[in-house]
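Each structure below appears as structure tokens.
Two complexes follow with chain A in common, the first pairing it with chain B and the second with chain C.
Right after this comes the complex of A and B.
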């Protein structure tokens, strides 16, 4: 007698489960995206890494936004112009509400810009915040504001898509811990739940100023392990996968259930070298020798499995300051040996290489390949690769001899990149924050400073191209390797429309599901 | 007397015990391969000068695309899998035997002293041992490697020793307590033997057999632990060979159909652990008086 109810219950349970599954696959209103790197915080100024910005961009908005191809468009500001060297004027959008019901006003903009200046853990946009002198209304009209900067900053508007506007009232009244966990923005999606490292769930904002987004529920799932990531999309557990592991690319491409989309990434991978007198790498001949001893074609073919493109400079083509005429030094190990001999190192030397092992595509394997290639010209590389959580704080101390970094400039400006990456270190002025080896060239610093004073965008572009060319060709300030390739896999037959963005952000309002 | 025992029973039992013979043959093959790796390996896989990316991911020689020196294929840096396994086994044996030796010495000494003098020394050392024992060895070793930072084989050995010595100390203590009150010890004492002499000449030889069994079983566990730590990326540094690291690397290529990166090092690891465990089983049966004579 007791068995029957149990069986019935089990039957109901199984039916319920199967029924539940089939229902959810019929009326699909959720998109699940798997990404390689988990977001670190929901505080929109708390991290300037693209994997964080690209996620909070669903919940928050800047004054401006960028579309999939990177074009700057209005968002919380309806129009903007540079009224003089130091002043930028914005017309604000009216009738926008934060997710908690508060109205969006100019005070929120003022509050946000001031918040950028408060150091960790509040903001990683200290240098940008430091540029802002004041945010004021124009002639008492609360929907027109002037933002004044300390110095002429030609790329000021270019950065505003990633400076997310926060609600003054709810930000001031809550602790930083709570802000980092429960975000309140104006974006197309409202925050539902975030289990750090597991998933982030979002729900469509029905009151969004641009109309409610097409997909009702969105979920972001970080999966760091490459083979697990592929398994997640192969089984259809997720709908879209960002960053197909290159070693498994062919397996994914061959899978009939999956559609693969790729595009050249904005990010370049390059090597920094110390140039402090006394180090072998301060000699330009040694820098050239290392450059020429690296067989980049082989790295792309064998380490990146063809999914990368050689680069000759840090910026990518759309960045101001990119110069198409810069070419890579040829791969020539014999010449490299000769240069080393001329520089007084006929038997090579020993150098310590530091790099991340979980940040960029195949970073650790690239490091090993470099060690093997440099060994063939006599340079003995001592490898020290470590997790990014250890590597980046070490980099902040500017004491590395030889290191690997990946970079793309969110504001499309090589001047800003140079200031962060290669300008001689000056912590107070905010220069050289990511200059891992304290690279110092007074000549390059002067060139940058000269370019900053030019207001005319065309002329300034010219100056930055010159700076770039001198840095790459005369100084070998860094050794460029390659641009990565962005890749995505989409599960077919679910009617999902997805266009990858040039900045790799995952913006759910741009996606849709065909019914 | 010991010599007599070795000649008669131990040896004849060994020959009759098939699994012990199989175990030691497997172990011997791997051990010889590891010892003579520099002479028999086709390549020194950790000399960057000899590697070429052009050889990367070559399949085993009997498959399509396989080529001459790479009997079991190559990994993604062009390292010969067979050579890497041979060098990796060296690391395994080095770590295994160093840990057994160091942890064994520490453990035996501590256990002997604690049991012999008993009282406060016994209480204190055994409570410390209990504390160590309550942590999982893997967790403990990971914790220590995290604190020390950086890698290096000596550090891996040290971390495992710290996590592992307790096993010996406790076994030794129990064993010493068993023989301490025996008549011959009383006799030695009556003859005026010093404490040191009694401990070393009379107690140690009679209390050591259980330690041999523990050491044999532990060797397999330590080899496995080193592989686990390296698999997790906290053990041997990337430019040193390790079976665990090979397996960790190989798992990324399973879906890509490059099975040889993970299967062969896996077989090598299993062989070592299986071989030593078969031997340990036999040793346990031989040295356990309760099992009696067969």
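Right after this comes the complex of A and C.
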């Protein structure tokens, strides 16, 4: 008669665990956000990916910051101006303290700017750090500084929202491993605990210069598995979810407890094509034919489940160089066939397509759709899709014929993007690093180089727009597909106010909970 | 005599294990040659060729393959697996921080599968042709054939989302015990979070143990000693548990023990579905970040755990069953 009580007790225990305590809604002073990609490191210069920057932005601050729509605003600098071609002047904010109690001074700025130049494992902002010649006070006033750059850099200030200022004293005295685990910044939130790949806990900085943030505790939970991510928000375990998986979008949208917010993403998905003489795709008619044979509306509807927006160029509207007048070539398979015949390929040709299968939303499925659409005009596509860890190194060898890439520019400058993506490859100068097919157009290279020398921002914008238009319409330098969609789900009835940012950063000080 | 033989056996097994570990490490290293270049991810999107070369040099990846391998082995023997590329923290510290979560998950999975597997196995052997037994056996077929990720997703959907009975992911509230050992065993929230992932992880095990128990029981119930026990007029409980089940348990416990190592080592899928902060999750993150030192160390430690458990089981088996000799 001993075993029955044991079984009964087990049963009670299990029932208790399952049934009881499911109602655990306490007074809300914590906001929990689930994201798709986990941050890599708490070293604010250690990774330049947005899933990292967008998280450490809660703990650290730059001289400048951006609001939800992408407008540049003061942060640790109260005002700034470009004094001459090479010099930028900043008035620093006084009375700001780091989380460890140290005062924020101009020396921290100088230290940070120098730190950007130290390669792995310290900084991924090497190129930007390399631009900086000196950081000095103006006439001995420690609250006004001049930053001098090596070359005229019109986008210098545009990048400062993601260059986070570190405390000189505590950074110098600690190992890089320590710094990457226990961050000390000036931001609205203090670091509490981080279990990589699992959660990051933050606590409001009561001494924040802009007043303490409205939500006391903040928690970020990366959930990489799509169905678990949906379960997390459906059960209300998290308050806000970033990146609703497109395949489960309707399930989330139908859920009465959830509010769905979407906006066009900054990232565009596009195709690169080799133009080396001798390749079919070096003929502009063939490039146009491929463009016109692609039915982007069908891709958006069938592959992306409607969650993407057609694009006609690489940059998104807030980027300098975006030109609203650029239009997509129409979908016209008949015209495509005719162009191919004119170019001497009446029966089409074979081409190898290389792309990632784990990097962008539905990347592999997009490639499959492309292959079947191009087959209709006689172009036989040999698909070669692979994990990003294998794909990107291949891309770095610049030997691909036809490939897929997603892109947006963190510094909102198309000139910088173009240098990286489509300028002819020049390893010495650091040009064309992500030009996967060694695309080369002397005309476009010249246009880009000319734009780099223009100091006046308005004129430069004009030059970049021209460059963009020539590249997209005359040269068909790339074939644009679509902008992805940023999507968020918010659990209703908890009084959470949340506005998605154009840069997808999760900035807790912008959120609030209605009591 | 047997003590000496046993000692010789253990020494031989340990020597064999070293060879296995060496082979594992060599395979790991060879695979990395095809797994993507960590320098590209580590140096950053905007790095020039010269900067990438510098990073390569810092990491010692410019050296020939065999030099890298031998220096790794030399350090590993001293217990130094190097620093993680991404976090710059000693790899072992990183893994040992995460191991408790994986071990707790594995123990719970083990416990659930042993308890449920044996109970259901016994129940279904009592009246093997009844409806209940048939349902249990069909269910166990699903447990054996369904892949872990599907089991996990189904459990999340049904128990987590539809019924709202259990939390669908994460580890819940944990309490620090000693050093880096945090446990979820001591809070109700932690226990609630354990159930679904442990069930997912242990599902296959459960089905195997259930079938093993049932098979053994059906056989044992036909044996002469059981019949004798019935004939003596002993109660059903005594016959079932004291006579039949005891004999059935030997192979069941052996299999369970052998699989314990696998539960710790191969919890990767379960951990990623439930966002469990264990070492499997760490491995997956490290693969995404091409953090090779963490991957090698994880694989080596896993191999070590499996090998150790196997040796122990072999020894225990010999002690339990004197018919087995160690030559």
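Note that in this section the second predicted complex is superposed on the first by the 491 of 515 C-alpha atoms of A that agree within 3 Å, B and C clash if a C-alpha of one lies under 4 Å from a C-alpha of the other, contacts with A are read in each partner's own complex, and residues count from 1 in each chain.
We adopt the following convention: a contact is a pair of C-beta atoms (placed from the backbone, for glycine too) under 8 Å apart; a residue touches a chain by one contact, two chains touch by 3 or more.
Since this is a predicted model, take the numbers as computed values, not measurements.
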First, second, both or neither for A:221, with chain B first and chain C second: second
Touching partner for A:365 - first (chain B), second (chain C), both, neither: first
Contacts of A:414 with chain B and chain C, given as first, second, both or neither: neither
Chain B versus chain C as contact partner of A:375, first or second or both or neither: first
Chain touching more of chain A, residue-wise (chain B, chain C): C
A:245 touches, of chain B and chain C: first, second, both or neither? first
Which of chain B and chain C A:345 touches, first, second, both or neither: neither
Which superposed partner A:303 touches (first chain B, second chain C, both, neither): first
Contacts of A:231 with chain B and chain C, given as first, second, both or neither: both
Common ground on chain A, meaning residues reached by chain C in one complex and by chain B in the other: 227, 231, 234
Chain C-facing residues of chain A, complex: 3, 10, 14, 17-22, 24, 38, 40-41, 46-48, 119-121, 123-128, 175-177, 180-181, 195-199, 221-225, 227-228, 231-232, 234-235, 237, 387, 389-390, 392-393, 396, 420, 427-428, 430, 433-434
Interface residues, chain C side, partner chain A - complex: 34-37, 40-49, 51, 54-55, 58-59, 83, 85-90, 115, 153, 156-157, 160-161, 164-171, 188-189, 191-192, 195, 237, 272-277, 281-282, 284-285, 287-290
In the complex with chain A, residue positions of chain B that touch it: 47-49, 51-54, 56-57, 76-78, 233, 237-239, 251-257
Residues on chain A engaged by chain B in the complex (per definition of touch): 226-227, 230-231, 234, 245, 247-248, 250-251, 295, 298-299, 301-303, 357, 364-365, 368-369, 371-376, 381, 383, 385
